[in-house]
Structure formats: C-alpha cells, structure tokens
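So, here come the structures, one by one.
Next come two complexes, and both contain chain A; in the first it sits with chain B, in the second with chain C.
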Partner chain A sequence: MNELSFLGDTMRQLLSGVPLTVELTIISVSVGGALAIVLSVLRASFAPFASFVRFYVFALRGTPLLLQMFLIYYGLGQFDTVQHSVLWPFLRQPYWCAILALSLNTAAYGSEIIRGGLQSVPPGSIESARACGMSGLLLYRRVILPLALRQALPAYGSEVIAMVKSTSLASIVTLMEISGIAYAIISETYRALEVFLCAGLIYLVINFVLTRAIASLEVWLNPHLRSATS
Partner chain B sequence: MTPAIVIRDLHKSFGSLEVLKGVSLDAAEGEVISIIGASGSGKSTLLRCIPLLELPDSGEIIIGGETLRMRSRHGRSEPADTTQVNRIRGTLGFVFQSFNLWPHMTVLQNLIEAPIHVQKRPRAECIAEAEALLKKVGMAEKRNAYPSHLSGGQQQRAAIARALAMRPRALLFDEPTSSLDPELVGEVLQVIAGLVAEGRTMLIVTHEMSFAAEVSSRAIFLHAGRIEEEGHPKQVFGDPVTERCRAFVARHLNR
Partner chain C sequence: MPTYLTLVGFGPTGWGWQLLLASWMTLSVSAAAFAIGLVCGVVGAWAKLSRSPAARRAGDAYTTVLRGIPDLLVVYLFYFGGSEVLTSGAKLFGQSGFFGFNSFMAGALAIGIVSGAYQTEAIRGAYHAIPRGEIEAARAVGMSGLLMLRRIIAPRVLRFALPAMGNVWQSALKDSALISVTGLAEILREIHIGAGSTSRPFDFYITGFILYLVLTTVSGAAFRATESWTLRSERRP
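Take a look at the complex of A and B:
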C-alpha cells in the first residue's frame, strides 16, 4: 500500500512536468523546423550561404546538446553586448535559453533531413513549374517544398521524437520538466529505479501518441501514394 | 501580322559541345511546325531555349513581337528581366516527353495552379476553364485523380490541358508520345490533331513521321545544330533535297 501510494504520488508529480516538456518540444520543433527550411533552401539555392550552412550543421551536430545549452545559459551572459541587448530579458531566463539551444540544434539536424528531401524532388516537376512561369519563392512554396517536405517527413518524425527526449536536458539549466522533477524526487527519496521507470513510461506514452500522429500526417499528405480508390 | 515566335541565329553550347550553331526560325500565327532530326541533333535544346528553360549563348528570341531581353554577366548570358521571362513562359505552353505533372496535386489542381498563382486569375474562373479543358482532352472524370493513378496517355493529355490552361499563344511539344506505350500514342496524337484543327500555333518535336506529315504546315530537319532542310512536309518527308534528310526519313518511315 505504501509502495503504491509512493508510485501514485511520483506519477502525479512527474505528470505535472508534462506540459513543460510538451511546450519545449512544440516551440523548439516549430522554430527549429522553420529555421531548418530556411537553412536547407539557402544551402540549395544561394551559393554564398552554402558553406555557412555546412559549417553550422557541422558545429551543431558535432557537439553535444548539453554543451550547447551550457554555453548559451552560462556563456552568453559573459558578453557585455548581450547583457545590454534587448534580448537579455529573454536570454537571462533558463526557459528561453533551453528553447534557443533546442531550436538551433534541431535546425541543424532538420536542415540535413530536408536537404535529402530537396534532392529527391523530381527535376521534371521543377522544370514544368518553371515552364509555367514559376520561379523563386513561389516555385519553392508551391512545388519544391511540398514535395521535399513530404519526402522528408518520415525521417523528420524521428527527429521530433528525438527532440522530446532532448528536452530532458533542459533540467540541467534548472527547468522542472519531467526529468527535472524526477531528479528532484530522487534527491529527496533516493528511489532512483521507481522514479526513472515512471518517467520513462511517460516519455514512452508521449512518443507513442506522437508516432501515431506523424503516421496519420503522412497518410493525409500523401493521397497520391495510396492506391486509387475510384 | 507579327509572327508568334521568331528565333534569330541561336547559338548554344554545353561546355565544349556546340549543340546549336545558328538556328533561325519564324512561326507565323496558326502555323504548325514539326521538327525532326537524329538523336542529339539539338531538337530538345532548340525547343527548350524558346522559353529560356535553356539559356542560349547568343541569338534572339521574339515572342509575339516582344524580344526576350538578355544580358551578359561573367561571360554568360542570362535573362535581363526575370519578370518578363516568367510572363512570356506563361504564353508558351510546354509539353514534355515525360509529362512532368506535379505528383502531389490532383489533375484539376495541376491545371489551375499556374493560372491562379502565376497569372493571378480568379480561382472560380480558372476552375471553370480547367474543367472545360479536361472535357476537351477526355479527362473530365479524372479531375480529382492524382497523376500516379493515371496511364501515361492520360497523364500526357492532362499535361496538354495544363499547358492550355495558361491560355498560351503557342504550344511547344517535345516528343509528346515518345515515352508512351504504342497503344496509348493514338489518344494523345488525337488531342494534338484537335489543337491543330483549332488553328493553334505549335512547334512539335517528334519521331511520328506520318503524323507530322499530316498535321504540320512546315517541317524542319535539324542536323548537328543546324537546319539542314526546311519546307512543306510533303517535300521534307516525301522528296528531301539533302542526302542526310533523305537517309533520315527513309530510316524512320521503314520502321
């Protein structure tokens, strides 16, 4: 009975961290996803930016997210210009530092995934769009990106799921999302096994729902890949 | 009357390979010109240069009296005004050998895409017109199908309708039936013949000699980047002047 009530209590506390975990994921996946699209388009179509994007991806994929979060949280404040900038009210808060680190990090992975999608767009589709008078952003918006993003979606789904798990690193800059709460409970009770199992279960459920949602999105976006129904 | 398409002294090289060596061509309003020639003679390149899908190194392209303005940058020629290029492209319906419909859009969406987003015409008007065009090419009941669910012949007919939806001044066909199964060629040629009967201006690159002889008002034989022979299809297909054209036609009619 005592055991059960401990587990129930732990669950209740951990669940209170779910909104923050979900919020961190949604915001950083959205911001990072938008940035990923911009980066991959820049890399594909604007030669002067290509090496910048390559370096960005190299740097952010090549270093641990943990380190990036530390650098942003503890490092940025050391620069006077940052301290006096309009962004300081944001950058002094762990919440925005975590969002920034997560977004920049997922943008690097995401831009590589979308780059693969861009390469898979049939040249004939681009050619016929150009023959119809499309160019520049219109061509990207109406033909290239819709095809590239559909192609990239399965791989991007994995990235989103990885991001849910990456939000757990926000606990090291003091955010009380699921993992942060788990550490706090353990430091009081020393019952690591039960607490981590409960936290793991919550992450599993979140990612299960997410996997299903992404699969439905794939089906919904790709009616042309299903066999004809008529 | 101003000719629909004028090409003057067009030159185009890919690296050291000179593909077009000074091609000049006038297409009067309502004229149907078929272009024949061996593989690699530059037929596609010539056709693709007209809407600047391929950038010529030199020469002039005049569509409906309007010269496509080019400029030279870093030793390469490029369009001086991309807005002009996009507008002119809209007036030239291009039909590709491999159809090139947009796979994520239904047939109807393929047809209304450019009229709405490039030509900024009202959506309702574009849909009504697209439906009429689909009816004309015999694709009305496939309006909501995706290209991947269609046969090659159906895709090509949809692609022709898509080109027509831009209300083009002229149509450019690059081997429209070459990637079709033999039994599907007829339905596409029939649609093209219907457009000829409407009096549309067309340039058709094709290996369908008898069809070309039947529908075109002029035939052009291209060899190694030059117009080797040009004239009435009866003459070019039936009694060619040049030895090369004679050999080419003989080879193709006997297939």
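Take a look at the complex of A and C:
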C-alpha cells in the first residue's frame, strides 16, 4: 500500500472515532462542571461539608485518572451489594464507567478553579445584593455565580482542553474513540509514526476549535472589557 | 479468604514487596521523565526567548503540539515507534535484527517530552519575572553572556520557576501511570496484575490509590519545603 493511501485510510478510520471523543468530553464536562459548582459552593458556604470537599479534591487530584477509571470499572464489581444494585447495569459498561471517572475527576479540578472565581467576587457586590434583600440561592444565582464563573472561565478553558486529552484514557477500558482506534491500527500495521501524526492532528484541530470557542465566549461574557471603538 | 492486611502485607502470600518495588519504579521512571523534561524545558525556553524567529516558531510548535495531544498517544509513539526508528537506524550502521526501547526508556522519554513542554512555559514565565534592573545591573558591572546566565539568570529562574515546577512534577508522577500500558512494572501495572490474579480487585486498586496519594503528598511537601528554603532571602511582606 502506498504512503498516501495509507494516510488517507488511517485518517478515515480515526475520524470515525471523533463523535465518541466529543460525546465523552461534552457529557463529562457538563456533569463534572455541574458537580464542580455544587462542590465549590458547598465548600464556601456550608462549613460541615468543607472538609469533605477538601478531601475529595485532595484524593482525586493526587491520583492518576487511569487508576480512578480502573477502580470504578474493575474494582467496584468486587462487592455483591454493587453487583445486585440498580446501578449495576450502568457500572458494568465501560462507557458509563469512563464517564463517571472523567466527571468525578474534572469536578475536583473544576471546583478548585471555581473556588478561585468565588474568592474574586468583590464583597461590595455581595453586600449590595444583600441590601436589596437577596439571600441564599437567589444571591448565588443572580450575583455570585455569574461573576465567579466569568472570572473562572479562562482557567476552566484549560481544564476542558485537558478533558479532551483525558478522554483518550477511555480507550484503555476498551472504548473505541480516537486513541482506541489509533492503538488498533498501530498494533495491526506497526506504523506508529504515521498513525500518531494523523491522530495528533485530529486532537490538535479539536483543541484549536475549542480554544477559539472559549476565547469568543470570554469576549461575549465581558462586554465591559471590550474597547469602545469596536 | 485472606484479610486485607495479609493481602497487601509483607507475608509469604502478601503483595507488599512487589508493591514497594513498584512504587520505587514509579518514582524512578517519573524522576527520569522529569529530568528529561528539564533538559527539553531549558532548550524550549531558550528557543522561545531567542531572537531568531525560526527558533521561536520551533519552540511554539513544540509546546503547542505536546500540550494539545493526549499523553497516551505520545507513549504509544515512543513505545511502538521507537523500535521502528532504532531498527532502521541500526541498519544504517550495518546491524541487522530488531532493536527497541525498553519500556522504561520509552516511557521516560514520552512522559519527559510532554513534561518538557510544560517546563518550557514554567521556565519562560520565570525568566520574565526577573526584574529588568537586575539584568541591567549585571551588565553594568561588566558581566556578559555565560557569566550572567550562571550568576544571575539561572539562580533567579530556578527560584521563580519552583512553584510551577512542583505542579509539573506532580503531573509527571501521575502521567507515569500511563507507562503501565507498555508493561513496565510500576504501581498501576502491579496493582492491575494483583487485581487480576485474585478475586479482590477493589482492595488492590484502593491500595494503588493510597500509594499514589502518599507519593504525591510527600513529594508535594518536599517541593513546598524547598520553596520556602529558596525564599529565605526574599523580602517578607
């Protein structure tokens, strides 16, 4: 087989893995992001949960994601209670285990990023909201979270890029996304360099598009920082 | 059914020694990767800070590409592609037969080159943090080139880059788990074998979890101690 047709063929096979990579990223970033907001608000406002959240973040940031995925996928089956629970149909599938591991992992990193955002909310804004009579959830929904999330967005963008890269670990628990297909082609043809170039290119394009999207989201969310002339 | 402690303990049926050895392997492969990354990082930062546009572009390409693709792919490239390159390289020198990286070298190189991309940014940031006045002062007393690098720039960069380097070390330590796909007997690999050969997968994985937590916590504390040691001469607020 000549070089160009091999590259074209490899590219075609790898591209068929893109939907799964994107799907894993979108689901785990959304679930993990929601969890991250809950965790960071709990840590900031509800003292009894603070040490739990601190431990959660410490444990998930201090261990490799691949180990967390194995712990969920291979480890949980040891217990009969898990095997007989209603969750077992989900927990025995690599797809849901990968999503669970990715979401829990990104929630730990994300909650630290949002915590930074929460700390940057000016106390004056919170005071004036309280003076208007807002409290509790309303205060969070209308004032604190919008300001905090806007502040956290640039750092959160890097976390989303990291998640795209992390979805490649799902291939080790047998999901055939881009890296899984790349591994299959490499072990079939032993042409690691060519396959690496094609797969790498796909990931770079995905991450480039994401970086641009996040940058324009940032511009859109910060109208007060745009220059007056534009 | 053995208790948890006999399972992971140092008894005749326990996995204690294997796990201890595996932890040592994780530490040494991560340290090798970090050292390779330091070399790449210094070269990368030098390229990105250089006056030559070609070197700057090469540095940019290095950091963009290596930070944009999954580490797992880089590990595959070095493990599978390394033998391809070495075998054809050996042919040029008249050696026939198969040559390959062993999994330690392939893994350390792969994680090291990824780590180098992050270290490049850490070192570059640290260089920019050096007050311009210090460099001007060094020039004014007649230092130039290498002497200034050795006496002023390198010590300052080391100090400013240390916090970021601590983070890079932590991710190299965690990324070293990916090397388990090449069969290197580090923590995750040993744990995986243990989980597969007994009926106690959870016990093994949670043990691995604890081992990694110990490694990251202890080395994190070491980095923080070094950091405060280097800051002892800085002005305190």
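Some points to look at:
As a convention for this text, the second predicted complex is superposed on the first by the 225 of 230 C-alpha atoms of A that agree within 3 Å, B and C clash if a C-alpha of one lies under 4 Å from a C-alpha of the other, contacts with A are read in each partner's own complex, and residues count from 1 in each chain.
We take it that a residue touches a chain if its C-beta (ideal position, glycine included) is under 8 Å from a C-beta of that chain, and two chains touch if they have at least 3 such contacts.
This structure is a prediction, so every number in the text was calculated from the model and none was measured.
Ranking chain B and chain C by residues of chain A touched puts C first.
In the superposition on chain A, A:199 makes contact with chain C only, while chain B stays out of contact range.
After overlaying the two complexes on the shared chain, residue contacts for A:223 are found with chain B alone; chain C is out of touch. By the touch criterion defined above, A:186 lies against chain C but remains apart from chain B after alignment on the C-alpha atoms of chain A. In the superposed model, A:67 lies in contact with chain C only, and not with chain B. By the touch rule above, chain C contacts chain A in their complex via residues 64-65, 68-74, 76-77, 79-81, 84-85, 170, 174-178, 180-181, 188, 191-192, 195, 199-206, 208-209, 212-213, 216-217. Residues of chain B touching chain A in their complex: 51, 53, 82, 85-87, 89-90, 92, 94, 96, 98-104, 113-114, 117-119, 145-149, 159, 162, 166. The residues of chain A lying in touch with chain C in their complex are 58-59, 62-68, 70-71, 74-79, 161, 165-169, 171-172, 179, 182-183, 186-187, 190-193, 196, 199-200, 203-204, 207-208. Chain A meets chain B in the complex at residues 122, 124-125, 127-136, 138, 142-143, 146-147, 150, 221-225, 227-228, 230.
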